[in-house]
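Next come two complexes, and both contain chain A; in the first it sits with chain B, in the second with chain C.
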Partner chain A sequence: MITPLLTFSLILHVILGIVGVAASYAVWLELLKKSPSLSFLKKSSLISFFSYLLSWLSGGYYYVVYYGDIQKPKIIAGAYPWAHKIFTEAKEHIFLFLPFAVLALLIVIWKGNQDLSQNEGLRKGAAFLAGVITVLGLLIALAGIIISGAVR
Partner chain B sequence: MEISKTKLINACIVGAISAVIFIVALTIMADLYAPLKKLLKDAHHHHWVGKGIWATILFVIVASGYYFIKKIDTNESTTRFMRALTWTLIFGALTLFLFFVYEFFKH
Partner chain C sequence: MDIYLFLVIVHLIGTALGVGGATFIEIFLTKALRDGHVDPIESDFLKTTFTVVRAGLILALLSGFGFLLYYQLNGQAFKLYNPLLWAKLTIVIIIAANALLLQAHKISLYWGSAFSFVSWYGALIIGVFLTNAKSYSYFEVMLYYVIAVIAGSIILDLIRKSFSAKA
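Let's look at the complex of A and B:
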């Protein structure tokens, strides 16, 4: 049976995931500017890092404690077993990448801040990384919608 | 940029690259070799938790190793490493997705 703590962790996972995607998108757009605002980049990258990290932990708790025993067998026995076997499997493992990648981007922004506005190659490299993090975050969120639909 | 700052940035990026490659390799190996998945599950309650813990340990080891061993570093290497991390994320995600598609249709 689902407990209030599990419900809370699932809601937290979804909300923080959306906040993480929005914040990394903000970092990406700012880095595409020739003279990005360093204070905006610092704040957005910090929000992005903590959102993905906490979404990772709260989603992980829900997944390990509840999803595997209760939801997974339902999906596999239902009409859309591919929702778990392809999308959950890919989502849970690709999600493991994000905190490491976002931490690396956070360090680039916080420690190499001045160079980002002076070194075009560095700024473009960071923008490319932020863009890929955003797209992966978005695809993971879409996979979550597919999985939720398969449970019903 | 100061050398110590550049080293710290590059150390984190290289640590992240190694963590991503490790997650992809461990996920595929554990799926193809059941005793490895069971070992991760037995040791860490769930294989997913085990992968996260070991990837974090590897990240710390590689990043610290890079920071303390590397003597000279440049902004150019930061740009190169960042692009390498980005492509590793793309290929890592594609590899895992295609692997699970293959596994689904194989069984």
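Let's look at the complex of A and C:
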């Protein structure tokens, strides 16, 4: 039986994950401009970092307390065992380094400051990192839908 | 108010802002390009409308994932494997990717506006099909979508040309 705390942690994991993806997407979009708004970048990168971090922690709690013992055996015994064997396995490993990648982006934006508008190489590098984070975050979100759909 | 009704209302508001915004972007763009260039007032209108579309996308996205959570927590997880849902997710990703390509000037206005306009209406129509439990395969929906984008690009271009000729 799923407890209210577990339900809350799942909701937090999903919603903050989406907010994290949306915020890193906003950073990516802004960094594609030749003169990005530093204030917008700072706010968006901060939201992105804390969203991914809290989604990571709440997802981890859900995984350890509930998913591993209750849902994983159901998926393995069900019609879609690949949902765990491929998608959960991939998701849990990729998700491990995502908050650190976002932390790196946060540091570049907060420390890089004025350099981002003047140094094109730095701006393009940061845009690439924001793009990688967004695409990985999106793939993790889609994997989450596949895994959730396999629990029947 | 129960949570499902709340999600429906937020999702409808997000979709209305997105579809309405995408429509007004086309109208403003057609009017702005009549004389061959976008002046500061027209540019300001367009920027405001882009913000409205982005707000709509965020609302629709958050409430959309709210629906997925609702299904998972209420024993309706089978709905997450509905091909229509995956077609809708694909189109939402195309909307986001198209915005990036437009920002980076990696896509022409001809295709960029067609993708934006048709994708928003496509997501709306698929949403109606999902609500009414219509059954289509993923590839069937995506084929119709590709045809709609090509037809949309031609129609939007014809409208723009006809307005430019009148100016």
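Criterion: the second predicted complex is superposed on the first by the 152 of 152 C-alpha atoms of A that agree within 3 Å, B and C clash if a C-alpha of one lies under 4 Å from a C-alpha of the other, contacts with A are read in each partner's own complex, and residues count from 1 in each chain.
What we mean here is this: a residue touches a chain if its C-beta (ideal position, glycine included) is under 8 Å from a C-beta of that chain, and two chains touch if they have at least 3 such contacts.
Everything quoted here is computed from the prediction, not taken from an experiment.
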| item | value |
| --- | --- |
| Chain A as common anchor, with chain B and chain C clashing or fitting | fit |
| Which superposed partner A:Ile18 touches (first chain B, second chain C, both, neither) | second |
| Partner chain in contact with A:Leu32 - chain B first, chain C second, else both or neither | second |
| Superposed arrangement, angle subtended at the Cα centre of chain A by chain B and chain C, nearest 10 degrees | 140 |
| Which partner reaches more residues of chain A (counting touched residues only), chain B or chain C | B |
| Chain B versus chain C as contact partner of A:Gly112, first or second or both or neither | first |
| Partner chain in contact with A:Pro4 - chain B first, chain C second, else both or neither | neither |
| Partner chain in contact with A:Leu138 - chain B first, chain C second, else both or neither | second |
| Partner chain(s) touched by A:Leu103 [first = chain B, second = chain C, both, neither] | first |
| Superposition-derived minimum Cα distance between chain C and chain B (Å) | 18 |
| Set of chain A residues, in rising order, touched by both chain B and chain C | none |
| For the chain B and chain A complex, residues of the former touching the latter | 1, 5-6, 8-9, 12-13, 15-16, 19-20, 23-24, 27, 45-46, 48-49, 51-52, 55, 59, 75-76, 78-79, 82-83, 85-86, 89-90, 92-93, 96-97, 100-101, 103-104 |
| Residues on chain C engaged by chain A in the complex (per definition of touch) | 58, 61-62, 65-66, 68-69, 72-73, 77-81, 89, 93, 96, 99-100, 103-104 |
| In the complex with chain B, residue positions of chain A that touch it | 56, 60, 63-64, 68, 81-82, 85-86, 89-90, 92-94, 96-97, 100-101, 103-104, 107-108, 111-112, 114-115, 119, 121-122, 125-126, 128-129, 132-133, 136, 139 |
| Chain A residues touching chain C - in the complex, by the definition given at the top | 2, 7, 10-11, 14-15, 18-19, 22, 25, 28-29, 32-33, 138, 141-142, 145-146, 148-152 |
